[in-house]
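These notes open a run of structures that come right after.
In the two assemblies presented below, subunit A is common to both, partnered first by subunit B and then by subunit C.
Coming up: the complex of A and B.
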């Protein structure tokens, strides 16, 4: 009997499915980017190439339309502060949870991760009620939005940093203490340098989550000046959409990709000379988390 | 090179984890400059004891005295002992030199002195020329040397070693055993060494404590431990042992042992009376032609011969039903014994020891299998 198939051969069927998936998932993005550069007003028919919708159009371009302009600014402001607050907070929480043994630690552990599975809408409604009743002195607006973003993204930081702490193990800390380093020095000279990949990943994920967020930003917004990019796109897509929206989305994508590239470079640099496995694993995990965050 | 004396004393040291007592009231004295080994199976409390001395765990009771001063309440970074970890725990982001210099910062030394001491430590463990490498660029043996140098550069009076050779292959392990011993003798500092490897324990140690269930089962020099184990557990853990249940009664300086219809004599060791366990190492069991008579000879039949290269493992069923293991050295001649051969088994009085019966070790009578139960056989 003759073997019809070569079991060592190239898995053509699998490759085909993979490519179909890649094209399927990338096509809408590429289409959206294409229309950002459209010369005409249409978002459905290609009408030449231009940078009209970025800045050339004197009234409707991202650069000249104050509502789009301010949305971009608001999104970046929220992302910046969320990063700045959530990352150190998450590192502290992760370190605390890692060391806390005994009564209550299991519950605390679970509760920290709760925001990962809480439906975002429930979460946002809860925060909305909080800021309009108990925390009325804060009220709605940028501060509330930053707090909201920090609250749901801090869990991601905890997961990333704890994962890294687990890889590092307690031996490193014990070795440093054994060699005479007092507790603060153990953190400064050993833990922080070893956590740099996780810190980079955390900054990036918080940035991505915040930039991408719609529900929490929407609920905690106080008016036009606290409108973020996703909110603006959502609102305008139903009213009078122009390719300026595509341009705005394209800018967001570029910023996110730039952040990703930066994080990757930091990653490569900070894990130089160390065993490759954990670094690559960490980055792979990071990509997976961005996907998870993106489709949230 | 050492600053202090390095005399360690443990008094009633106890550590519990929940319901488990990991270290159960250990009393121990390790004099200055001794190579002391704690040997035992996993879970016997040897590593916990080491971690208590290092300060990574807080004892529930008892004291840890270094040169007479209790340090059981001092945090690890202020204790004058250093540790070589099983995982080496080298800092992956620091070069070999920076790893070794890590602890010197807290010694407040002039820069020149610190640099010189790093160099000396690297020479001591033969790491010359690798100072700029990162740990990941080193072999396992080299990493082990860095871990050693990093601890030794601080000139501790006591060095704690937690299975430092466990991750290395067998050949390298033997080389490093010799080297560890050389370094310990050269520096004259106290080594407290934890291992589950009997070869390591016997090769390097001045004294070995065999541990079990958080207690010290027996503490003695390697030769004494091997030749005169106090309990069946020790006999089994170090090397192989034939255990034969007997009735013992004192007979002058010796002990008379009743085994079925035979009476054996055990020289010296005896003070047991009643049910006891007689122990003889497989390599001390002599096989003689069938019909040989004399003291301590029991007839038997060869049940199995296993060829192991440098020796043969001959299993003999005694007339009393006990299965014994005899190691017959391979002297280059063909196999002398075959299955079914009748032989006389000579259990020499000086090699036959009486142990107090130990319920937790399966006796040959109970299992019906051969009496040799080897916990840790050389590979």
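Coming up: the complex of A and C.
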């Protein structure tokens, strides 16, 4: 991004507001992480440093308290399966919609965009009603939760992949087709390799959306062993006896940021020397989130 | 070029999935909301429109309408969200403007810091505040030492000095905290695209900085402001967890809390479904507006 000259000169007031906002938005979370490393039991004051609430405490730490580490396992399981299902569904959908003109394309586009603007509560009540009435054979539980997570994340994949399709254009594909490659080969040998960065970004965003989700997970849960990390935090935030809850939240955040870093490296590596979109922007799903305006 | 059926075939699984788990799921809400219940209050959905029973919908409507039992909750929800949106605009616009247009060599870092909250779970961000605003937390001690609690008490915005004890002020500020990032980013994108030459022209033709802002920049950023507003209004109307974590008192309940209470807690799931239908109908206005502008932008991009 290049330096822009602004008619106001350098707006110190705006700079001040921006930095105060940034501190306000991040400092509380940094404090919550800090409390996770407390030596004592307080979640409201700093009390030394230790890893007691991560694993050292023999009964109350995240590692040793079954209710905490089972939440971690459930969150990771859901994110893994959601990633695995939503990404291919979304890629197929994006490839199809990008080229589908005429009859039916308006409806198909609308159906893909609608989930992005539907409040989670409406989503969750809908799936809850579905799995407790018509789809009783599936019922509530892990399967329902995975389906729920796929439903709200598929549209994000579509937005990311379509963005990339627009960047790469159709020249390569047409060349391949002109040289006699059948349609499936064009997809497999030309499109998919060009889409690798978008696929990486999609996997990451589905992972993050799933890990952070609270409402859908809660409505489709069937009991203690389907409790996810956000559900556990929600249930205990006001009443937790020790900073182990903060430690759990910290681990979750670390996993998300690690995934982000990994995807960033993959993205950088696979788009070397290519034009279009800033790496950070595309990777952060920022472009997708801005375009789609998702709010999860 | 591959034949058309290839592309349709590729999109079929995704479309089928969304049709079943999005459209049919919403139809399940309608079927339950317009259905009946067993003697144990278990909902019995009526899938056939000919069997629809409008009893619950009518009950929900009279509950939520002026004079109804839940009318104060509706008023409170709209009030909280309106105040939260106004504060969001006040905080978000300058930040987005600075980040998009004046940050210079810091722009990369600032953008990264503005995106960061996206990757932190919303629930964890609220957890952080429950730590800080607890009666012995750092934030509440600082605020009370500065006399902010007494000031809010005299202004009638707060009662007592427990920030997590059912204070409307806490809920509204938490809503702002939670949703500001989702407002800043679309606005950032639209301000980033704003043509610098128009601003320079306006200045060259003799307009003052204030006039340039009022007559050039503000009108040009209006679509971004509207998009951001709609984007945060939609989830706010369905929010129940912010209220639960930051107050938990029935005195600060919002519409989301009422629906959540019926669907998850009590025996009146059908009433909850009927209220979800009403909420969706209300939000459809915002959604239609947003989708229309999104489609327009897509068409321009293609």
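One rule holds in what follows: the second predicted complex is superposed on the first by the 264 of 296 C-alpha atoms of A that agree within 3 Å, B and C clash if a C-alpha of one lies under 4 Å from a C-alpha of the other, contacts with A are read in each partner's own complex, and residues count from 1 in each chain.
Quick note on the criterion: a contact is a pair of C-beta atoms (placed from the backbone, for glycine too) under 8 Å apart; a residue touches a chain by one contact, two chains touch by 3 or more.
The shown structure was predicted, so the numbers you read here are calculated from the model rather than taken from an experiment.
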| item | value |
| --- | --- |
| Joint occupancy of subunit A by subunit B and subunit C, clash or fit | fit |
| First, second, both or neither for A:58, with subunit B first and subunit C second | neither |
| Partner chain in contact with A:190 - subunit B first, subunit C second, else both or neither | first |
| Subunit B versus subunit C as contact partner of A:66, first or second or both or neither | neither |
| Which of subunit B and subunit C A:241 touches, first, second, both or neither | neither |
| Which of subunit B and subunit C A:179 touches, first, second, both or neither | first |
| Touched partner set for A:139, first subunit B, second subunit C, both or neither | neither |
| If touched residues of subunit A are counted for subunit B and for subunit C, the larger one | C |
| First (subunit B), second (subunit C), both or neither touched by A:169 | first |
| After fitting on chain A: smallest Cα gap, subunit B-subunit C, Å | 5 |
| Touching both subunit B and subunit C, residues of subunit A | 174, 177, 183 |
| Complex contacts: residues of subunit A adjacent to subunit C | 1, 3-8, 10-11, 14-15, 17-18, 21-22, 24-26, 28-29, 31-32, 35, 43-45, 89-90, 92-93, 95-100, 108-115, 117-123, 125-130, 132-134, 147-148, 150-151, 154-155, 158, 166, 173-174, 177, 183-184, 186-187, 208, 211-212, 214-215, 218-219, 229-230, 233-234, 237-238, 245-246, 249, 252-253, 256-257, 260, 280-281, 284-286, 289-293, 295-296 |
| Contacting residues of subunit A [partner subunit B, same complex] | 169, 171-172, 174-183, 189-190, 193-194, 270, 272-275 |
| Residues of subunit B touching subunit A in the complex | 54-56, 75-78, 82-83, 85, 87, 89-93, 102-103, 105-107, 134, 136-137, 150-151, 154 |
| Residue numbers on subunit C that touch subunit A, as the complex places them | 1-4, 6-15, 17-19, 21-26, 28-29, 31-32, 43, 45, 47, 91, 94-95, 97-99, 101-105, 107-108, 110-132, 134, 136-139, 164, 177, 179-182, 185-186, 188-189, 196, 199-200, 203, 209, 212, 227, 230-232, 234-235, 237-241, 244-245, 248, 256, 259-260, 263-264, 269, 272-273, 276, 279-280, 283, 286-287, 290-291, 294-295, 301-302 |
